[in-house]
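You will see chain A twice below: alongside chain B first, and alongside chain C after that.
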Partner chain A sequence: MTGRALAACQVSASYGSQRVLDRVDLHIAAGETVGLSGPSGSGKSTLARLLALLHRPDSGHVSLDGAAVTGTRHQVPVAMRTRVAILFQSPRAATDPRLTLAEIIAEPLRATGTPAEQARERTAELADTVGLTTDLLTRRPHAVSDGQLQRACLARALVHRPAYLLCDEATAMLDASTQAHVAAVIGEYQRRHSAGVLVISHDAALLARWADRVVDLS
Partner chain B sequence: MTAAVLTRVRRLPRLRPGRLGATVAGTVLAVAVLACLLAPVLWPLDQSAIDLSQTRLAPSAAHPAGTDDLGRDVLLRSIYGLRVSLLVGVFAALVAAVIGGAVGALAGTLGGWVDRILMRLVDTIAAMPHLLLGIFIVAMLRPSLGAVVLSVGLTHWLSTARIVRSELLSLRHRPFIDAAVSGGAGRMRVLTRHLLPHVLPRLALATTLMIPHAVWHETALSFLGLGLPPHLASLGNMINDGRGSLLAGAWWASLTPGLVLIVVTLALAALTAHWRDHLDPRVRAELQL
Partner chain C sequence: MTTTDPLLAVAGLTVRFRLPDAVVHAVTDLHLDIRPGELVAVVGESGCGKSVLAHALLGLLPRNATVTGRALLRTDSAGSRSGSAGSRGGSALARGGDGAAPVDLLACPPRQLARQVRGRVVGLVPQSPATSLTPVRTGRRLLVETLRAHGHTGADAPVAADRLAVDVGLDPADLDRYPHELSGGMAQRLATALALAPDPPLLLADEPTTGLDRPLVDHTLDLLRRRCDAGAAVLLITHDLAAAQRVADTVAVMYASRIVEHAPTEALFEAPGHPYSAALLDALPQRAFRPVPGHPPMLTDLPAGCAFAARCDRATPACRVQPAFTGIRAGQVACHHPLERAELCAEVPA
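Presenting the complex of A and B:
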């Protein structure tokens, strides 16, 4: 396979003696939306963590735009890691309770050495994109709703302009209108940057509406 | 009139038991610390002075807690003893926090074989009676304040190391750490920005909880004659010296330093417990919303 794509090639993963993925292939081309479904415990989240370069497969490998990724987490070069972003199911668990929403969104930029002023501008721009008011940006996670917090997580995920966005049940905890808005923001981003998107969900209707094709893990 | 009193009484329940306890503990501690700070200015004491014409006087206006078998004022020496105990308690707890924090942070962040070796070391030291270990350490050094601080500090960092390590281990696998890594944060950034700020309040709490423990340990060493030189006032020295007076009927010589020890360490523990209850971010969030 050629061209720009994030791909898992024959990956296996296990937790202790429990094998959750057995030689799985998944291919997300640039600009494509892939749906991933499967019952609980079928390894959907594990696959997403492998693709996000957070977890090392027992065997097989993940390739990013044709280059095989070796190592995991801090061993992966920053330039590679920031090309893939992941959006988690629970925004509460995925945000540092000590930081304000503005700090949460700007954190990936600050961590990779962007000056504060530039990070602030980008944060304001993204907050506007995902629909967060300036007042909300000064609050901490416990003082905002799940929906508002997930919008901040989406802004954080987009802050490096990733080529691939992995949504791990990212809209499962949201109400219908927030869900639609989050999906619209992702869709718009995808069109503009021709990003590859992976949507993990239990919801067959959501996948049918959103994804170009659906892979079933069961 | 009655109505006014009733409204006032109805307002009282706002002072919940927890807060009342904390207020009392805070007041006791403030008085104790103030007395310790002001004692050298207000009531200077020649530690080696004795007055054999004033031995074992019962509590009176001149000597509120009586005098001991060498004619020294028990209350004043208790205050000087408390100074020593608190000083040792605070510095020993700091020594324990530094060692325990460093060991816990290394084990918790590096994991793997570093973690296994360090934690087995902790288990091994924890398996020895720590008073015995403390006695061994002071016995190697000359009796002094520094020796007591080291003896207590070097034997009390184990629980701090365990707390810091377990806190780091549970944080390391939280999704927000994954999110930070995914956003491009390096090891140091994750440690300094996301892990340590969560651990520091716990470390501070563990250190404060350690102070009363360290005070008791210092008292125990002094009681055994391994703490400060005998003529210097320390709660342990005084309780030990007072044992002879007990048989002569002078119960106050041991009782006063003992009471000071119990009341002050209880107050310290109560205040720390109150702080711990308010440290939980969920409780804090409830208060702010």
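Presenting the complex of A and C:
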């Protein structure tokens, strides 16, 4: 495989004695949208977590733009880690309830030592991109809807301009309008940055519409 | 659809939440009838007031809520169904004999709601099962306890529990797990089984398919449909338009605290009458996959007149006045400038 791509190469993963992935290959090229479907428990989320460098494969490896990644999480160099972002299904479980939406969006910037002024500008710019009003940015998760919180999570995922975005059932609990909006924001980002996108969903109609090709993991 | 009298007749339901510095207009002047054997879906964007509707009917709102209007629940039919699934629970309100006066759920004393209505006559499939299951009991204990409280004998209840588990798509062996050992989807199915156990004549299902994959979503929806076909009435609250399309007889579209259109399912999906319904359907991936333009208004700061006017390309100065709408029966649209079908349906007598 050549060119810029995020790829899982013959990866296996298990939880205890439960094997969920057995020598799986998946290739997401820059600019491409790959759909991933499969029944509950087929390992879709585990594969996304492997690709996001959050979970260590039992065997096989993840390759990022041609380089094999060793280790997970903080063991991976920041410059590599920030090239892959993940958007989870439940924004409530993926945000700190004590932070305001603005702080949630800016968290990855703070973690990498971006100056405050620059971080504020970038946060405002992203809030505008995902359709969050200034009034909402000062609220905490309990005071906004799931849809609004997921938009904040999307802004947070895009904050370091990742080359690859992994969406794990990221629109499953959203109404049709919010889902279409989130998909449109991701599509626009992808065109502008030639990003690779993985869309995990149970919804065949959504994948048919959104993805360039669909991989079934069953 | 049946032509019998409504089991539940909601008229002018209005819910307000008082906050320190604002008032949330959660539900405004809502009219809705549900007949036995009928499945009515309420759809809308998140935060439009859908779930508050279910909680208001069950008296489960927090203290800062003010509720006005009426929700009359017929109690005679509740008794007539009680033998259908080996449950006495349904007759709890009808012990005074058939033809008992309807109960106004909004004016019902909390004690009566708790002892005679909730669970027994009006069941709720909750939105977040993780917070509604007792964490220190296994699924089997929860289910058997519920079945015994609703008339199953000691020996019969465990058998009925297994049967219910299979009905909702759970492996009976999973009933021996504690709630924290269940996945989100399994907990959702257990919560559904608990709601179905007393065989209530009216079932409120608040996002019953959250966290389930498509085959299980369809399974749960078909289960609700079968309850309807056996004579129960179901109010399905969902953001999933495909779910509503699959099983509902009629669909009520809710926007910014009001029902803006209530139509037979097929008519709504083929030719929506309200511009908002049309825009929402256009957002589906099967259709234009285009979000509704603009943002929904804050429920603390609703505009005068039609709340959708700011996002609507058909809006005129007339829209500054709230459109007249009492959509008790299907086929009505709360709009000054409805799309084609509404004009046809307006001629159908309510």
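Everything that follows uses one rule, which is that the second predicted complex is superposed on the first by the 218 of 218 C-alpha atoms of A that agree within 3 Å, B and C clash if a C-alpha of one lies under 4 Å from a C-alpha of the other, contacts with A are read in each partner's own complex, and residues count from 1 in each chain.
One rule holds in what follows: a residue touches a chain if its C-beta (ideal position, glycine included) is under 8 Å from a C-beta of that chain, and two chains touch if they have at least 3 such contacts.
Since the model is a prediction, treat every value here as computed from it, not as a measurement.
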Which partner does A:180 reach: the first (chain B), the second (chain C), both, or neither?
second
Just checking: does A:192 make contact with chain B only, chain C only, both, or neither of them? Give me first, second, both or neither.
neither
With both complexes overlaid on chain A, does A:131 touch chain B (first), chain C (second), both or neither?
second
Can A:213 be said to touch chain B (first), chain C (second), both, or neither?
neither
Under the stated contact criterion, what part of chain A meets chain B in this complex?
49, 52-54, 73-74, 78, 81-82, 84-86, 88, 90, 93-98, 107-108, 111-112, 142-143, 153, 156, 159-160
Mind listing the chain C positions that touch chain A in their complex?
44-47, 183, 185, 210, 212-217, 239, 241-242, 279-281, 283-286, 289-292, 295
Chain A touches which residues of chain B in the complex?
174-176, 178-187, 189, 193-194, 197-198, 281-282, 284-285, 288-289
Chain C partner, complex, touching residues on chain A are 39-40, 131, 133, 145-147, 173-181, 183-184, 202-206, 208-210
